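Two complexes come next, and they have one chain in common, chain A, joined by chain B in the first and chain C in the second.
Right after this comes the complex of A and B.
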């Protein structure tokens, strides 16, 4: 009789969607058990940053390292916030508007930068991120400059729970879209370009177009997250979108594991949520982040998700070996 | 006239200090292929060590400067062994280690000294007067030390055996190994040089400006700009880039307000990089 491994066949295919659905149900039921508004504030921020980190990784799969990504979150946030504050539009219109503006800027950046690869792309995009921040500071009559923009109209007032459900819905939809995209023909093409742009070009892939597309989609989601962040927080400042913010995003992705779709999610939860939950330790909190970083980097070369994957394959290997030794 | 002289002096001092910090940064990048983002934190911590030696212990200023350089250089040896060598040539993971180091150093600084503003007592007093022009001795000394150190370092890299071995490793890592160059030994020397020059810059700037736990971030971004603009792996390019950045920093604020000047400077850098992705004198790396 042939034994079926739990990781192949029909049952195996249902494990991931099942786990996601279970997690979603737990998250939906959360407000029944947890009453602290502060906790929900942390959950909301986590959900926003998950979108940004996952979209960051989406651009990375196409072989580009956009060190301006937090800046695009800022483009979405400032476009949406200024439109809502000075033109009086409702946030429901300005949020898509902000996302589209971020996408437009991403495409404008993508065209000239598509001729640069690898390190050179990373470097020039780093300066583009700095350019975004200094432009925001230069137009200080509308954006509030270095002091930050206050009095942005919010979506649902001051209670955290409606935001929580809104962000849960938004993040789930975005993650689903990006997940489908990653395993679609486009996503595979991106990975091919990242592996070797010469081979990709030789089989007829238009490298520049696909890289601009990756940058446009990543920036769209970053802008969307930034715009909702602006209308959730009510206050935005340039420091949340600067070089350090981008480097932190990169750290979330690396620590979680850049090779896996779920890596950035794990990274955000580990490095953003856990230190926030330990707020009670006050100024000692960065030590905890540093400890997590160092532990991960010394013992898990491919990030937490990479470790999980290799454990899983080790486990299946073990089962296979036992089965063959039993049969013989 | 006085304004022009003053600005000119400031730019020379800042440029020499930025180049001093950027030189170590570039050395580590070209030899070990790691982006040493904690370089700014090393710069900051040496300012604080010097302050403690001079204020709390009460040593002579020059003695505390020398002691700081010794302490920070030996810290560099430790850094090379524990944090750089395991991640030789691994960009991602060395970046994470660097951020971890920054977090630890900055937090320690904030906890022990708080956010208060401190300043290292000046190394020398007095002014040099020549007609209507007066420049403080402190600025002159800062610039003289920076320039002298840079000259010594350039001489070291171009003329001594370890320096030439460094350049060989930067040019072709495999070829250098095959010629029997001890890479670990050379990268230890490079780390000591990098940390030592950052320590000198940190102490001098700590006396010239104020100390604060986050002063390294600004210097780090300047060093990054210098290294990218000058071209990775090129020492001469670093000096050109330092002068160009100094000129941009000095002249633009005269005509425009601060953030507009920054926008123009960034646009100029982006256009330069679009035309010459490898920087002024860099060569293609893969």
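Right after this comes the complex of A and C.
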């Protein structure tokens, strides 16, 4: 049995247009059956965090571990929220603005440190993430500091359903874009760099340039998600964007399976949405999360998506063997 | 001259790895670089390809000074190379290894990639076609869907050559292309080297296997970072310095 390795090239295109359309129709029809605004709040958060987690993994495919990713979500959120609140711009302009600011800051971080690899990059980005949080606290006149920023203009008021459709559309578009990128030449080049930067350089790949590109694109989507989050929630605070938030993202990605595009999505649903839905057991949520994490790490080293892939290839192998033994 | 090394010197702290080394390689030549272990052969390759920085000296390729160039810039100018260890992208299949190595041409821009334009699709189809041609040329077409890490050692090294060919090199640096290979695999590798020579690729190879060295137009012998002999294979074999370096002074004369 062959396991799917992490960060494979052009294989494993798993998007089945039919299945995706079906899922989308179910999601679009959801408001017909579900009436609880609380549930839609959870769904909306899930959709936002799917963008963040998938863009986090996009940077990881280039072999870097950005421990500041939630911070970039924060850059997008604060840039958009302050522009809307203090300059009076409409959120429809500040959201792309926030995303672009996050991308710009991502490039600024990527540029000088693009030559650092693996753990060194992780350390630098860790400090960069802290720097973002400290800056927010330092400029508390505009950002609200540690107390949080309130009174951010919202996109559609306080009803959850319009947001639900908005996020459904946004997340679908973002996922499609990132999926495209992952299985394109750019994605293959990122994965090549992650496997061996020396070999990659020997065929003319400019490692630094591609790492910066990965960082820029990852931060753009994180910033976009952060900005929409700000105009959805109306209130933002630094705790959503600190180190702990990044570590949680990392856990979502690993539990879901870093080797697969769908891993982070599975991770977010499994570790964020489901515990959130077990509202009555709120005190036990950390224990449930920890238990899921331990189980995954022990029995599914490639995450849930990795296990699903293994089962799938095991099953096709089995069928193939059966067919050949029947034939002989 | 295609490649000119002028007084190339590399110090690692106190150790002199390459010392005042001069070498010229002409277009279309097949040059063997030999010497005992630790003579500085791989270091020399790393200096040419920009992985290591020279302590002093100058390297020109095709009339361009490449002394200060970074590895990917050197590759862009047309120098391909293989590595002794980890010669490939181990999580990619054989075919993907070559496809990923076609980085330089044909080139697609990021918007092309993003919107999956006709240009991009045509480029990618073209690259796949050319990759398959290279695999056919090197006899790797049967294993094209195997993962790099599942390949036997010899095939990995040949895949290293395939990857280097994707750069469309004017000059190919092969670092022990037949190291640890079985006899069949050596034949495969030799066949590949022969075909590349026919196509007019200039090759410099580091090798311990004399069977391969016999193919070379010219041999350069290194010891302790210095050039100790140079010339046709037969002449170098009789050279006293060379015999001394390989077998010790009591065997000389």
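Here is the rule we use: the second predicted complex is superposed on the first by the 313 of 328 C-alpha atoms of A that agree within 3 Å, B and C clash if a C-alpha of one lies under 4 Å from a C-alpha of the other, contacts with A are read in each partner's own complex, and residues count from 1 in each chain.
Just so we're on the same page, a contact is a pair of C-beta atoms (placed from the backbone, for glycine too) under 8 Å apart; a residue touches a chain by one contact, two chains touch by 3 or more.
Treat the numbers as computed from the prediction; the structure is a model and nothing was measured.
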Practice problem: Would you sort A:239 into first (chain B), second (chain C), both or neither based on which partner it touches? | Solution: neither
Self-check item: Between chain B and chain C, more extensive residue contact with chain A
Solution: B
Exercise. Considering only touches as defined above, state whether A:185 meets chain B (first), chain C (second), both or neither.
Key: second
Self-check item: Partner chain(s) touched by A:203 [first = chain B, second = chain C, both, neither]
Solution: second
Quiz item: Counting only touches as set out at the top, which of chain B and chain C does A:134 meet: first, second, both, neither?
Solution: first
Exercise. Go through the superposed model and pick first if A:145 touches only chain B, second if only chain C, both, or neither.
Key: first
Practice problem: Using the touch definition from the top, say if A:159 reaches chain B (first), chain C (second), both or neither. | Solution: neither
Quiz prompt | Shared chain A surface residues [contacts with chain B and with chain C] | solution = none
Quiz prompt | Contacting residues of chain C [partner chain A, same complex] | solution = 49, 51, 70-72, 75-76, 80-81, 83, 86-93, 96, 99-104, 108, 110, 113-114, 116, 120, 124, 147, 149-150, 163-164, 166-167
Self-check item: Parts of chain A lying in touch with chain B, wherever the complex brings them together
Solution: 112-113, 116, 118-120, 123-124, 126-128, 130-131, 134-135, 137-138, 140, 145-146, 243-244, 247-248, 250-251, 254-255, 258, 283-284, 286-287, 289-290, 293-294, 296-298, 301
Quiz prompt | Contact footprint of chain C on chain A as seen in their complex | solution = 2, 5-11, 177, 180-181, 184-186, 188-189, 191-192, 195-196, 198-207, 213
Self-check item: Complex contact set, residues of chain B against chain A
Solution: 37, 86-87, 92-93, 95-97, 99-101, 103-104, 106-107, 110-111, 217, 221, 224-225, 228, 232, 257-260, 262-263, 266-267, 269-270, 273-274, 277-278, 285-286
